[in-house]
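Okay, got some structures for you below.
Look at the two complexes coming up: chain A is in both, with chain B in one and chain C in the other.
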Partner chain A sequence: MVRKLGIMLGAVAALAFAAGTAQAQKPKPGGTLVFAISAETPNYDCHGSDTYATLHFSSPFYSTLLRYNLAKFPEIEGDLAKSWTVSPDKLTYTFTLHDGVKFHDGTPLTSADIKATYDRLRNPAEGVVSNRKATFADIDTIETPNPTTVVFKLKAVNSSMLDHFASPWNCVYSAKDLAADQNAPRTKINGTGPFVFVEHIKGSHVAGKKNENYFKKGLPYLDGFKGVFTLQAAAMLNALQGGQVLAEFRGVSPAERDRIVQAMGDRIRVEESSWTLNLLVAFNVEKPPFNDVRVRRALLMAIDRWGGSQGLSRISTLRSVGGVIRPGAPLATPEAELVKLPGFSKDIKKAREEAKKLLKEAGQENLKFTLWNRNLAMPYTPAGIFLVDQWRQIGVEVEHKQSDTAPYLAGLRSGNYDVAIDFSNLFNDDATLALTKYLSHSKNPLNLARANDEEIDALYEKQLREGDIEKRKGYIRALEKRLFEQAYQQPLFWWHRIVLTHKPVMGWKMSPSHNLGQDLAEVWLNQ
Partner chain B sequence: MLRYTIHRILLTIPTLLGVAMLVFLMLRVVPGDVVEVKLRGDGGNVSQQAIDAERARLGLDRPMIEQFGSWMWGVATLDLGKSMWTERPVMEEISLRLELSLEVAILATVIAVLIAIPLGTLAALFRDTWIDYFVRIVTIGGLSIPSFWFGMLIMLSLLGFFNWLPPITFTPIYVDPVANLTQLIWPAMAVGYRYCAVVARMIRSSLLEVLNEDYIRTARAKGVYERLVISRHALRNALLPAITVIGLEFTFLIGGLVVTEQVFNLNGIGQLFVQSVSRNDFTLIQGMVMLIAAFYVFVNLAVDLLYAVFDPRIRYA
Partner chain C sequence: MTMATTALPAPAAEKSPGRMREFIRQQPLGAVSFVIIFLMMFAGIFCNYVAPYDPLQIDFASILSPPSWEHWCGTDAYGRDICSRLIYGARTALVIGFTSSFIGSTLGAILGVASAYFGGRIDNWIQRFMDILLAFPLIVLALVVVAALRRMVVGGVDINLIFAIAIPIIPRVARVVRAAALGVRVMPYVDAARAAGYSHSRIIFRHMAPNVVAPYLIMLTAFIAQAILAEASLSFLGLGVVEPTAAWGLMLSGNAADFYREAPWMILFPGIAISLAVFAFNLFGDALRDYLDPRFKV
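On to the complex of A and B.
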């Protein structure tokens, strides 16, 4: 076992070294990158989306104000912003834009486009969906003193603001397009990104060609790209092995990695990282008996996370046990503290006895409900099956209902479910980003438990305004404790990201988030 | 014959009308519609007001009889409306995929017929010999193995032996025939095997029955060459039930290849059907059901007319 592990680690290290050596080569322009996207976006609008399917589709066409430098993650760098300053009171953010940036329709980009974009994000018009409304709630005014300067004034200090500006979801749209129709980005693509939209053949692929007027000179290297929708994992793996696609950037399971590595040997590059993504169990507190904290707690206590992670990490992308912040991140709760929280005990036998007792107290010994889940095989299906089995062990009968992404999300948003497997799709380890999901439903409708808890809201606010890291940690721990004791929702497992690319695919950078680095500007083909 | 044909064509009208009423009513009986999935399906939170406004825009708030009437008028004028999900014309959404599905169905039919007729004939002529046993094993295999699984075997074999797979995106035959056939021949083979097995077994049993008929004995007694007895008298009659099966199988292939399409990553009608059902896209579902129903009706008509061609005793009045 140890020997096997050693060989595996050696292989990964060798691959990483080979990858590093290769990355140092001089980029060659030309060629078309064909890659797989394992889900098809419902529309093109980044602002209203929470799924990578939208970003892997739309990112090559758009720019953002700031972005993460993936070589030095989580360092932030400018994208459309050439430079920026933050006032000493941390209430004013001033950005200077690059000159000569043009939208794909030829219109020059100005500060008015940034203002229109951020107005749409923070204060969407009726009928417009913005999932970043709460994120930008601290913006008081946006001023545009000249075409290349934009000034954001905040109502209060926000320790996460720069991270929010670097979010990949903040695609910059044309003010002219938005003035004509605030929902234009759902169906029309007009960005300033490295690639120009060519076609979207529904059910088949999206294609883009090189933006000859891209404001970053010399980029992109590729002549174009084609993102092929491969909705079935088996079809995607076959396509990867057969060279029909050269990459899949979301991530594969360990078993899938092993299959491809065995078949392709050194023709495939394997890159691995922990992942800023977790699956959650959410209880709809508006529906009895899940309005009873004893029932919710019992169900969380019955889950053997530590044992489950060992089995699931072999067959799926699920791996680490953690609280609301990614395990290993600076603000994460250490394991020694985590095991004291409800749902994280290592003594599963005792926890399940306690769970049965709580169900009996609540008069729910014969509890039956439906678990609402997404029909993506990896890792939603194994997670769902795992939960059904865990709850069966305390006498709870669960029907596992899986659905396509769109009806799944619609069902979650409308509150039409008992218990759901939700996901927290983050792009960094910032606490505010991670905790926004748990704000009261009245403040953030994306809180799927639909719970309203003033204590959680107050702790969220305190950590957001706190500059001292240790004090901030204290607030985060307190919030986490309250959240888990009330058992509204709880992370199930954190994911482990494994990305496979053919060796000729160069310039793409691995990161802990599959939402980052997908504009493909620096990707090139070594062939 | 002409009168019969016109009569049959006219009969398609009440048939299709019945199908239209059924699909329209059944979709409305099931709770939920496309609006909620569409507006909330990308993860956002949308007010009930916005949902109601979208329902009104799509005409879903109108009385059911009014909705049905305007849809039927559209069908009568060959306008199936717009997809409630993509807002593109239903005809456009379907035609994008129909070309691929139709081509797979035609290729599979060609493969199946070309192999099934000689196989079935040989098995009947050499009944209870090793040839018959061989054909029976091959055809039972075809019936037992699900098409999608055979498809997986084909893909894995291509990968394992040749480290090659067919193109992953569709190229129309008029753009690049080689690329087109390179992609579609494999799914056609996967579904064609089962199709071939069904037809071959039908021909075998039918031919065995015909070979015992009096007119075959008479033909042989008249000294007609055995080859002519088989091809002109026996096989021609034995093909009649096989033609019915071919017609039914062909129509099934248009929309019934969901899993096979997934295995080969094909953007066909089957996948579109599943997606439109999961999104409650009423207009698209209605359009596809009507299309497939029309296929069934017209293929059945064609089969009936072919009967008269193959069997001179059949005359439609």
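On to the complex of A and C.
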């Protein structure tokens, strides 16, 4: 036993040394990184998107005000902001911008661009979609005293504000472009990021070349990149194994990892982490019979999450059972409390009996509906197969309908579905960020269940303003309880992230979110 | 005409067993393939009674179990019984295969007969259009159609998938049937029908179509195999039937690609089922042609 422990410690030390040596290597400039993107973005606009398909496409072209330091996650560092201060009353945030930053079209970046960007995020014009409207609702005014200073004044204290400023979705757009057309970022790319847009061939790839005027001197290391759309998992894995692509930054399943490692041995790097991402079951509460809480609850109670997580974690990226906050995070609901909430019981037989009773009471014993799902093999298809099976066990007949990313999202947003597999794509463990998804639909269009619940809104506000961590936890628990009792939507499983990169790909940093670190500025090829 | 019809009373009841024996004696491979098709149809129709397990039932305790007495063909990545999925998959294959082949062959036969009957400019236009469709391989054209049309599921069957497979069959059948109909068009009874003032549709459907039934039946049978293969290919490519429906092509894709090394039975049995079905329908079509065509009896 002691000997085994010694060997393990030795191996860990050797790995740590090897990793340290690799990271300490001097970056080599040049080369083009070809990587896989397993979904194609419906448009280029970060503000109105929730899918990594947009970020993996657009991030290399844009900068944000702040960002996460992935080496010390969740520490925040400046991106366009050289420095910042927060007033003692926590109501004023002042940012000083880097000098000499230019958009790819040659226009200098000023505080006016930051103001235009955040005005679009918090208060989008008619016809413009901003999925961050709710998170920036506390901003009262944005002032630009000089070209390199921008001052945000809040209406109320917001304990999550810096995290919101560090969101990778806040791509900074040119005020000039937005003045011409508020929807310009959907179809036109003009950022200040490390790469300049070259081309987007639909169904094939996106390409970028090095931004010679990038404000961070010496970066990026790469001459360019090419993101290849590999919509079929098998095609992506074959391309990865064959060296046609050198990385896929979203994540693969354990079986896919094993296949590639078996085939490539030590030529491939495997990095793993829990994931700030979950799949949700969402009911369209505007459509009968899902406007009946008994029907929604019955369907959630029929799902054997605990048994399912054991099986699905072997074959997919789905792994943990949790509430609205990532399991293991400081504010997450512990398992002992979770099992008492509707839909999380470990006594599945009893829960299903109760579910059948609820359906009978609601007059829905022969319930039939369509499950709206995304046509992404991992992990949407396994989740769909699993749910269809779970609901059949209480006599419910489900038709599984899968669509490509763009029509899938369009269906979700227009409310053209019965029950859907939705996702909560977070970039940190901040409670406010996680809970925004469940705010009333009137306040946040990202609540795709389309539910309006004043009690949830009030609890959200309370936790947002609360400085005492224990009291805040109490509000979060109360919100979660209300949400699950009303059964508008509920996390199904939290994901586990496994990223495969060819060994020559250096400088990319693993994190619990696939939305972060995708600007590729510090990535280099050791060839 | 009427007299000719009534003058030929056929003792059908006595003749059928004799014909069956004759078919078996003349076409033994055809008879074997018919047995396979019959078993497939039986499994497809009575799958609820024949299948040992529910094909959609997940059993995480049995993930990737090898073939055993409990699971004859093993289980897949969700612990679902492969044998039961194959049996239910026969229904999917037959429904889509037969329906699309029937629609494609029937439309093709109508177009072929009409083209031969009218001749001239109409024949020219129809045939040039058929040439355009024939320029695309069956699976490529089916891919284009299925990608262009949205999924439209009625009673668990994707109607657009059926049409996607049926459309490429039309020109292939139309061409063969037209060739047969050209011979029928010059027959005296067609001229007599024209002279009697019958409508075009009556002449086509009552007098010409029955005389091209043999090539139509042969094409119909042969294209069932092609349609089953097309359905399997489209499902494999993610454009056909959607999980968790039991379908042979679908069983070869998805998780099968991840686990075929450690669980080869996941691809072996669906592969055998597809091969056997295609083999049986092709062979039966050939045997039917040989049996029905008088030239092969000489």
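Just so it is clear, the second predicted complex is superposed on the first by the 506 of 527 C-alpha atoms of A that agree within 3 Å, B and C clash if a C-alpha of one lies under 4 Å from a C-alpha of the other, contacts with A are read in each partner's own complex, and residues count from 1 in each chain.
Definition applied: contacts are C-beta pairs under 8 Å (C-beta built on N, C-alpha and C of every residue); 3 or more make two chains touch, one makes a residue touch a chain.
Given the structure is predicted, the values throughout are model-derived calculations rather than measurements.
Asker: Which term applies to chain B and chain C once both are placed on chain A by superposition, clash or fit?
Answerer: Aligned through their shared chain, the two binders clash on chain A.
Asker: With the two structures laid over each other on chain A, which partner does A:106 touch: chain B (first), chain C (second), both, or neither?
Answerer: It touches nothing on chain B or chain C.
Asker: Contacts for A:405 in the overlay, against chain B (first) and chain C (second): which applies, first, second, both or neither?
Answerer: It touches chain B, and chain C stays clear.
Asker: Just to be sure I read the superposition right, which of the two partners does A:88 touch: chain B = first, chain C = second, or both, or neither?
Answerer: A:88 contacts neither chain B nor chain C.
Asker: When the two structures are overlaid on chain A, which partner does A:467 contact: first (chain B), second (chain C), both, or neither?
Answerer: After superposing on A, A:467 lies clear of both chain B and chain C.
Asker: Which holds for A:386: it touches chain B only (first), chain C only (second), both, or neither?
Answerer: The answer is second: A:386 touches chain C but not chain B.
Asker: Look at A:265 in the shared chain and tell me whether it touches chain B only, chain C only, both, or neither; answer first, second, both or neither.
Answerer: neither
Asker: So in the superposed three-chain picture, is A:234 touching just chain B, just chain C, both, or none of them (first/second/both/neither)?
Answerer: So A:234 meets both chain B and chain C here.
Asker: Both chain B and chain C touch chain A; at which residues?
Answerer: After superposing on chain A, chain A residues 232, 234 contact both chain B and chain C.
Asker: Using the touch definition from the top, list the residues of chain A that touch chain C in their complex.
Answerer: Residues of chain A touching chain C: 232-234, 237, 253, 255-256, 259, 262, 307-308, 310-312, 314-315, 375, 377, 381-382, 384-386, 388-389, 392, 399-402.
Asker: Which residues of chain C touch chain A in the complex?
Answerer: Going by the criterion above, the answer is residues 56-58, 60, 63, 77-79, 151, 153, 156, 238, 242-245, 253-255, 257-259, 261.
Asker: In their shared complex, at which residues does chain A touch chain B?
Answerer: That would be residues 34, 41-43, 45, 48-51, 54, 126-127, 129-131, 187, 201-205, 226, 228, 230-232, 234-235, 238-239, 241-245, 263, 403-407, 409-410, 413-414, 445-446 of chain A.
Asker: Can you list the chain B residues touching chain A in their complex?
Answerer: Going by the criterion above, the answer is residues 36-47, 49-50, 53-54, 86-87, 93, 96-97, 152, 155-156, 158-159, 163-165, 167-170, 262-265, 267, 271-272, 275, 278-280.
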